[in-house]
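Both complexes shown next keep chain A, but they swap its partner, so chain B is in the first and chain C is in the second.
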Partner chain A sequence: MDYFSEAITAALTLIFSFDEEVYVVVWTSLRISFIAVILAAAIGVPLGILVVLKDFVGKRLLQQTLNTLMALPTVVVGLLLYGLLTRQGPLGDLGLLYTTTAIIIGQAVLILPIIWNLSIAAAGSADPRLLPTSQALGASTLQQGKMYAHEARFAIIAALVAGFGRALGEVGIAMMLGGNIEGFTRTMTTAIALETSKGEFEFALALGILLLVAAFLANFLVQRFQKIR
Partner chain B sequence: MDILKPSFKQRAFPQRSRDDGRSLIKKLLIFWLLIFVQFQATAQAQERLRLATTTSTDNSGLLAVLHPPFEKQYGVKIDVIAVGTGKALKLGENGDVDVVMVHAPGAEIKFVEAGYGVERLAVMYNDFVLLGPVEDPAMATRADTITAALIGIAGHEQTFISRGDDSGTHKKEKSLWQKAGIKPAGEWYLAVGQGMGATLRIADDKQAYTLSDRGTYLAYKDKISLVITSEGDPELVNPYHVIMVNPAKRPHVKTGLARKYITFIRGEKGRDIIRNFKKFGERLFNPGAAE
Partner chain C sequence: MDHLYEITDLSFSYSKRKVLDIKKLHISRNRVTAVVGPNGCGKSTLFDLLSFLRKPDTGRILFQGNETMAMDSASLRRQIGYVQQKPYLMKMSVKDNIGLGLKFRGASRNVIDIAVKNIADELRLLSLLNRDAGGLSGGEVQKIALARALVLQPEVIIMDEPFTYLDETTGHEIEEWLAKQRDDRTKTIIFSTHDRLRAQSLSDNILSLINGRMYPISSGNLFVGTVDGNTNTFISGAARFEVPENVKSGRRLFVDPKHLVISRERLSSSMRNNFSGTIVSMSSVNGEVHLKVKSDVMFTVVITRKSLEELKLQLGNPVWVSCKSSQITVI
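Take a look at the complex of A and B:
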């Protein structure tokens, strides 16, 4: 137990002395996952609302597929994108492998089904009179969509936070597409994996604590949002 | 109804749509700004040299002192991708890195002969050591050669942790088993598929035998209880070479920067840093060729 309590003390010291190495990694992680969420949201939220607004063949199938894809294993996303982004791959000329951009793309792919699917649920739970009313008032699809986005904004924010949490906590994509390059693509999760293997338990623990804090903070914000409503 | 529609529409939505339009534009602007900032950060950052190297060089901490002077002198950044030698050479083959620094002479020569690399040059060397628990149940310390020590481990079925990741150390280990005439298999032989540092931690946890380069062992000496149970056999020499990825095959390779890097680590300054890099008073790597 001594080992563990000492490690926790050392980890807290690292956190509160604002150790530069720790916070560079934290900042890299937050920045990458934040942009990934924005990318995925830009596609997923409109598509989610569209699915609620429109009836089309295969809607059921699409939702079932999205449900399945929500459990997309990170290493599979990493593997597929690795094959695409490596220099010999179809997108190799972009030279994106082992950059933060590669991780962002990977995480966006990972959380797109989550945000898309949760946006469907969010928009679907809006007042059922909303669609006939706005249709009767002659709103265009875009206007209807905006109405839904406005009505379901808190649930949509919750969807984004869920995506953010998944992106922030994943390690497979960041490791395979980022390469864990110090000061560049080293994220909280890849650093934790590396530092533990190096026996730098305190450093890993400090990052682990911060990762938890970030997750808690995100959830706390969601709950605050829901209260405001 | 058709005639009424526009006025209804105007009454129901005008305010909202104008507002929404403005905030939508604002949101889109912010969105593209973020994307722009991201790409900007990637693009405008200093020139980056990509080096694929082995976990043994990275985990030892050598690169953390070897690279900063170079980066400072040329105002560049070296991206270190620390993987096993096999993967490092693969990254070179695919052109995902500019330079590789590895330690598996056989595989290196094949890599160059296949045309993927040019200018294979010696950087430094150290040696491999066989580590094991203090009690030494396989009596490896009594063996005269590394092969005899391995035969003892297999004979006593003492747990042996193999890197199992096609790294230079793993390749060396496989060739040693072959020389000993043993096909290692069974419950006592565990291939963990991890880097050198992680493998040492696992071997320590299980109080097992394992093969390590001396550099990583010294770097981990205070964190593990394993001791050297066999060393000094000429078979155990461990030379590191640096190879530039062939620009004729992979045209985007940064040859200018790669050559500067190779010249630096093999030059006066690089040799000094390597020579003076010590843990517990012991030198981890010797600069130059092994011979």
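Take a look at the complex of A and C:
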């Protein structure tokens, strides 16, 4: 018990003394996951709205597939992208393996189905009169999509935060594609996973606490947003 | 007459249920047309077709003389101002709602501001402009939706059941506005209602839609005047009607053309209202005969073909038109 309580004290000391090593890792994690969300949102949100706007063959199948992909195992994404990005792989010449870019791509792939699917749900929950009203006012398809994005903006932000949470908390992709290189690709989760076994328990615990705080803050922000409406 | 819409052999089904089946329908330009029918008769579907939100399964819709089936729906829609039943306002300010259609058309901020202010002034909405669209009354929403359509200066304004969710004041305002449009004859307006009296008093033409089919409606026998409560009479021009005793006020009197009795001689019955006149027109509609009788006012009388033959009625014949006071409605 002493070991654990002392470790917590040490972890809090690291946090409140603004230990550089800890915050470099935090910053790396936040930056990577944030960019991954932006990437996935740029693709997933428009696609989600498009699925609501248009009727097409295979719509149900697509949604079922997205539902399945929401539970995509991170190590599988890591494995597939490793195969693509490794020196011998088809994209090996880009030299992306063990860079933050590789983690960003991997996390974006991981959360694209989440953001896409939750955007469908967000746009789908808009008032059924929204589409005929926009059409009657002469909106083009792009303008109709913008109206959906506007009307469902809080649900869409919630979708982005859910994606961010998933990206920030995953470890398989960051480990396999990033390699936990100190000061470069070391993220909160890879540090926790790998530093603990190296005996750096306080360091890992400090990151664990900060990871929880980040998750809590994200959800708090979403709820604040929803209250405004 | 100049027609804005010319529709032939139109049909539309939801899954397998046919909701519209219209052989022929012409809608005049710069006139107010009312579509009357019970709930579920296909009015909203017809309006969705007229505003090009849906395409018919079969048939032709000519708009301004052009065949529309192959035309781009989006550009057709931009010529229509459609105020749907229970209109939806976007989650933005009233001002932005009214200006939305102009924004879709790429108008500049300045142009939108001026146009929105003008239309809001006309419809007495200025005080609401900066309000959020949430939390407005049904009447306010209806007026804002009307402003949102009017600001686009469309070829035609289509209003689906505009009176359904209105308080009395807003109802009167919309009625006055419609009556003014009808008198001005500068806008084409199509509106639906299940209230036939309202339709008759506000429109130039009435179309009756029942189970997706169009039926001609016998218009007429709606008279404007005043009630004299002392003598229980309704005075419209030179005509005096005896009305039910409980009627103390009202501006319009209505008698169903089928409740009027036509005869060669004045009837010595209990009917209190008897008018002498001359038959000025006769037409056959769906096996019934529609007569116009010119008296102190112009009556429309609907009789069966059999009665026509029995009475041997012909154009120019002097006749009597009678009805019981209990069959008179004053509103």
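We take it that the second predicted complex is superposed on the first by the 229 of 229 C-alpha atoms of A that agree within 3 Å, B and C clash if a C-alpha of one lies under 4 Å from a C-alpha of the other, contacts with A are read in each partner's own complex, and residues count from 1 in each chain.
As a convention for this text, contacts are C-beta pairs under 8 Å (C-beta built on N, C-alpha and C of every residue); 3 or more make two chains touch, one makes a residue touch a chain.
All values reported here derive from a predicted model rather than from experimental measurement.
Student: Let me test your reading of the model: by the given contact rule, A:151 touches which partner, first (chain B), second (chain C), both or neither?
Tutor: second
Student: For A:143, using the defined touch cut-off, is the partner it touches chain B, chain C, both, or neither? Pick first, second, both or neither.
Tutor: both
Student: Taking the superposition as given, does A:97 touch the first partner, chain B, the second, chain C, both, or neither?
Tutor: Touch partner of A:97: chain B, not chain C.
Student: Look at A:127 in the shared chain and tell me whether it touches chain B only, chain C only, both, or neither; answer first, second, both or neither.
Tutor: The answer is second: A:127 touches chain C but not chain B.
Student: Looking at chain A, which partner touches more of its residues: chain C or chain B?
Tutor: Comparing touch counts on chain A for chain B and chain C gives B.
Student: Where on chain A do chain B and chain C both make contact?
Tutor: 137-139, 143
Student: Using the touch rule from the top, collect the residues of chain B that touch chain A in their complex.
Tutor: 5-6, 8-9, 12-13, 16-17, 20, 31, 34-35, 38-39, 41-42, 48, 50, 59, 77, 79-82, 94-96, 194-195, 197-198, 201, 220, 223-224, 250, 252
Student: Would you pull the chain A residues touching chain C in the complex into a rising list?
Tutor: My answer: residues 127, 129-130, 132-133, 135-140, 143, 147, 150-151, 229.
Student: In their complex, what parts of chain C are in touch with chain A?
Tutor: 48, 51, 53, 74, 77-78, 80, 82, 84, 86-88, 90-92, 100-101, 104-105, 148, 152
Student: In the complex of these two chains, what residues of chain A are touching chain B?
Tutor: Within the complex, chain A contacts chain B at residues 31, 35, 38-39, 42, 86-88, 92, 95, 97-101, 104, 137-139, 143, 146, 179-185, 197-199.
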